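The following blocks contain the structures, represented as structure tokens.
You will see two complexes here that share subunit A, one where it goes with subunit B and one where it goes with subunit C.
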Partner chain A sequence: MLTTKKLQTRFFLLLMTLLVVVVAPVFAEEAQTSSAQNPEQAPLVTLTPVADQGSVLVQGMDSENDKGGSIDLSWEIRDPVISANATKIQIFRKAESDAEFTEVKHMDISALKYADKKEVQDNIKYSYILNFLDKDNRKVYQSGVMGPFVAYPQWFNTSKFATLFFAFITIAIVLLFIQLAKQGKKFYVRPLGGIKAIEDAVGRATEMGKPCVYVPGISVIEDIATLASISILSKISEVIANYQSRIVIPNYDPIVYSVIDEVVKSAYVKAGRPDAYRSEDVYYLTGRQFAYASGIAGLMAREKPAANFFLGWFMAESLILAEAGSMTGAIQIAGTDSISQIPFFIVACDYTLIGEELYAAAAYMGQDVRLLGGLKGQDYVKLFLMLTLIVLFILKLCGVPGIDTILVGGN
Partner chain B sequence: MSTNPWIWIGAILTLLVFSYLWKENPFYRLAEHVFVGISVGYLVCITWFNVLKPKLFNPLIIDHEYILIIPFIISILMLFRFSSKHGWISFWPLAFLIGFSGYAIPASIDANMLKQIQATVNVSFGNDFMSILNATIILVGTLSCLIYFYFSIPHQGVIGRVAKLGSMLLMISFGASFGFTVMARISLLIGRILFLLRDWLGVVH
Partner chain C sequence: MFMFLKKTVPFLITLGMGIYTFAYYFMPHRAMQNIWDQLSNWAIIVGGGSMAVGIVSMFRTYYKRSMNRADPNRYYCMITLVCMVGMAVIGFVTGIGDGTLFNDLFLNVMLPLESTMFSLLAFYIASAAFRSFRLKTFSAGLLLFAAVVVMLAQIPAGENISKQIPVIAAWINEYPNVAAQRAIMIGIAIGSVATALKIILGIDKSVFSGAGKV
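Showing the complex of A and B:
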């Protein structure tokens, strides 16, 4: 039983985690700008049209939602003569301490805006002059002195509020279901064909007296697909240890190799057969994609495994692996969330876990209540997203303004 | 025929790898081991010259950025896995690395959830039949695919039929992707054959 104090401690830790994971990235970029000044203290120089003489409107302002060091300039040509002749723009800048203007940019005029990030320092006043040039670099129009403008960092990236909201909702739902699962609530999870096939494949390998080859993909340990793959491998290794069969695991990433080595070793210990663990079967092969593929192709051709598992993140090597494995006659089970590689696995493997089915398999096979709770929580997040999609779509059809950018903050 | 020894090495290794089409043989095995061995050696050099030297040792020793001692110590802890007695110490950097995956949550929500929903909401129902059909396919397709990946209810009845539609749409998408990539792979094969015939043998120009 959890005491109130423990619950409070957990809640506090949860809150801190949320703050670090969710809120921190919303702050405009990194905390490198720790010397950031209070925006209130910064000079109020934003959106100052200064060169509106009826022919050209030029504006400047501090770049929004950034970590400072940037000033936005934009121009709109209203005079048809200037519009017809001006093709380039020359931007001159002067800091308050400088004696004269220096050129910072010479560019095509069609962009209609320029973010000056060239050695712009925060809380320094900058003035600008814009020259509009024709194709022969002759001056067509010169703006007046614009500014001063001041760059400063923002505490919050307001375009990311939707991300903050949905991150909060997602994490809250997932944590709720994890808590419910830990309290013993039973959840229904639709059985997946591929999961049953994994257990059958291990049984087949045992009956045939041949090894299984397990390929955990070519991604790093932080990748969710790799973590899901390791979770599935843990269960497979346990079954392999119980059946006294053999599994060969060539690795691509040294860190993933370290984790997998420990996971497989632990699975053998859990099965009560630590002596059966063969450390030479779990090894680092190489960190180059196609060398890795050729190494595994050779391994499969020599070992003639009864079952091949390709579970994790894959790229262009997927078809080489699946084809080479298919030629050996092994039963092949693949799973990846790498959308571009799923077609190759579908073509060349007996069973394929598509996208999120890989995570579901990890939760299903692992029989860890936290993973099952997380899977259930993700389902409800999907339901929430489907409802959001339908509601926003209806609102858009009704002509409600702002729906076009409501989730991406204009980005 | 080429007189460049590197072209010869490339051509011979290409033929050794192609010999796998016949069956696994000592020639392929030679090429495979050379490839794997060289790639590991290359990776060691890359790691030293692109990571360790410019990002750790040079800043630490030359620029005196002592904050880098922390990641240096964390990386050293990884080596404890070779010790049977103190191997548990290597779990600390591993735990840090795995835990760090939480950092991807906001970016993942932004790119994989919000931008996708927004793009679906922003489909345009124009005035012509094709644009209405296109928008309907995108909307219905997105929802049916999401239902296919909904694991909390059995795929039976109406839900089953919608999930089936989602599955079919996924397969159509995968088929198109497969065809596109096969074309790219054939182009790679043509490039290799061209290398043999033009650069090595010089029989085509």
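Showing the complex of A and C:
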């Protein structure tokens, strides 16, 4: 039988092992890269095939980490006469089956590389010629025929390896804690004031005989904030249905409206009160940001709701909504992952769910142990990331090369 | 059968799309790109169709309210309906290009109204600032101090009072502010992954039409 302490110890050991496993090879690779980038220490790394014309060194290769159909050309002018006189570069290309070269690009002499994506087909051999012209379009230098170069697609973007690794770590930890929760392990989750206030707010609205207004934000259905908001709404709707209160939900996006309509209807059915569902209270308002804000501000001024919920993704309309609601005297609960809008909600609302608390709210409100397990998993992922950052920070202070690349990440 | 269509089918579609989207981020191959392009086209078509659903919903809601004689606010609903139908008719009759009545109404009525709403933000910020900057606690005092310094740094008077004010304001913006924002961003990123995972794997099914088992 595993105790909590034993479990935590094993978990920390696992994390530290993973950290060493991932960090060590990356450092080794970075150290090699940084030494290779120093021309005094490392030989010139050449790409194949290479056409060295003496005066101009031209390199070509298939573009890395792409969907195919692209060849990267780069060149280095070594002859000062060419540098002094040439002002333009003409790039000519010939496919294996073509009879002659055709111009694909005309560039300024300052350009040092070109990604040829102009009707380049995969698995076809292409040859190139570069012409260097002066300001009067007279040929200063012409390279020999370079190539053949072949473009082909890649199945995996190697620059995203670190992202993939950390994504798997995150997923593994979250799934581990969900599994532990399913097995009956009890987890402590920090209580959030805003969550408890939601039920109190609905109770207050019921006592006052006034409706609640729920605003799901102005984002689309695939936004995590919108999905989290819908998840919370499904729980709130059940409470509303049980209390026989009323909720008004104006929507900004028609797809979000369709989903919310179904979710609220199902919540009423689940509460055993399908007859209490009012379809005219869940409706599409508008797809214009300030028209939406104006519509809801008007709704709040006329209906004088007892509680307002602003949960989802918001932009500049957040303060308009929160202040208009505040003036009606309603209790206001907001939550958003839009960082620039969090301060506005904090000053104008009674309770604010900050960032990830919005995602966690539905789990707090329900009894599903798997969702609570997921929350605990998130906390451990954060712990893992904090430890990683501290280790990388210390390594950076010790002068280990390549830390910046790991911290900033790939593209 | 009803539950299969209502819950299982959406879950299977979500699971498939979730796995594909995850893979697409790491796999640049043309085959993945082609599927993505196709799905994007479908999304545009679904989006266009859903607008019709939205318009029907809006029309039905406002029509019901307009017909409710007991509702003192029903005239607002009537105005909304008249404007919506009026703009649609004008658009169909005159077209929506430059110089048409539809375009003139949009540019000279709709946009100024939206700008007016946006400009109200300045007054709301002042009102919110007044409430939040009241010196009631130590935290409120810190907030007040930071706000005064940052605001003073935005105007020439700030630098005239002390050369240090812009320096302190820049420090507040670049260090405590950025640190707090990044902490929230890391939390949001992890929360997004966990939430997406729960939805993709069907652990949280509340977005598939309702919470739990109906």
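In this section, the second predicted complex is superposed on the first by the 315 of 411 C-alpha atoms of A that agree within 3 Å, B and C clash if a C-alpha of one lies under 4 Å from a C-alpha of the other, contacts with A are read in each partner's own complex, and residues count from 1 in each chain.
We take it that a residue touches a chain if its C-beta (ideal position, glycine included) is under 8 Å from a C-beta of that chain, and two chains touch if they have at least 3 such contacts.
Source: prediction; values computed, not measured.
Once subunit A is used to superpose the two complexes, subunit B occupies space that clashes with subunit C. Look at A:R190: by the touch rule set out above, it reaches subunit B but stays clear of subunit C.
Of the two partner chains placed around the shared chain by superposition, subunit B and subunit C are both touched by A:I224.
With both structures placed on the common chain, the touch criterion links A:G68 to subunit C but leaves subunit B unconnected. Contacts of A:S258 after superposition: both subunit B and subunit C are touched. By the document's definition of touching, of the two partners only subunit B reaches A:L392; subunit C does not. Judged by the touch definition given at the top, the superposed model places A:V81 against neither subunit B nor subunit C. In the superposition on chain A, A:T170 makes contact with both subunit B and subunit C.
When the shared chain is aligned, subunit B comes close enough to touch A:K376, but subunit C does not. In the superposition on chain A, contact is made by A:E356 with both subunit B and subunit C. Comparing which residues of subunit A touch subunit B with which touch subunit C, the overlap comprises 160, 163-164, 167, 170-171, 224, 227, 255, 258-259, 261-262, 285-288, 290-291, 294, 298, 302, 319, 339, 342, 344, 346-347, 354-356, 360, 375, 382, 385. Against subunit A, in their complex, subunit B makes its touches with residues 17, 20, 23-24, 28-29, 31-32, 35-36, 38-40, 42-43, 78, 81, 90-91, 94, 97-98, 100-107, 109-110, 113-115, 117-118, 120-122, 125, 139, 142-143, 146-147, 149-155, 170-171, 174-175, 177-178, 181, 185. Across the complex, subunit A meets subunit C through its residues 65-69, 122, 153-157, 160, 163-164, 167, 170-171, 174-175, 178, 224, 227-228, 230-231, 234-235, 237-238, 251, 254-255, 257-259, 261-263, 265-267, 269-270, 279-280, 283-291, 293-294, 298, 302, 316, 319-320, 322-323, 337, 339, 342, 344, 346-348, 354-356, 358-360, 362-363, 366, 368, 370-371, 374-375, 377-378, 381-382, 385.
Looking at the complex, you find that subunit A touches subunit B at residues 17, 21-22, 25-26, 160, 162-164, 166-167, 170-171, 187-190, 192, 221-224, 227, 255, 258-259, 261-262, 285-288, 290-292, 294-295, 297-298, 301-302, 319, 324, 339-340, 342-344, 346-347, 354-357, 360, 375-376, 379-380, 382-383, 385-386, 388-390, 392-393, 396-397, 403-408. Of all residues in subunit C, those touching subunit A in their complex are 22, 25-33, 46-47, 50-51, 53-55, 57-58, 60-61, 64-65, 73, 76, 110, 113-114, 117-118, 120-121, 124-125, 127-129, 131-132, 181, 184-188, 190-199, 203-204, 206-207, 209-214.
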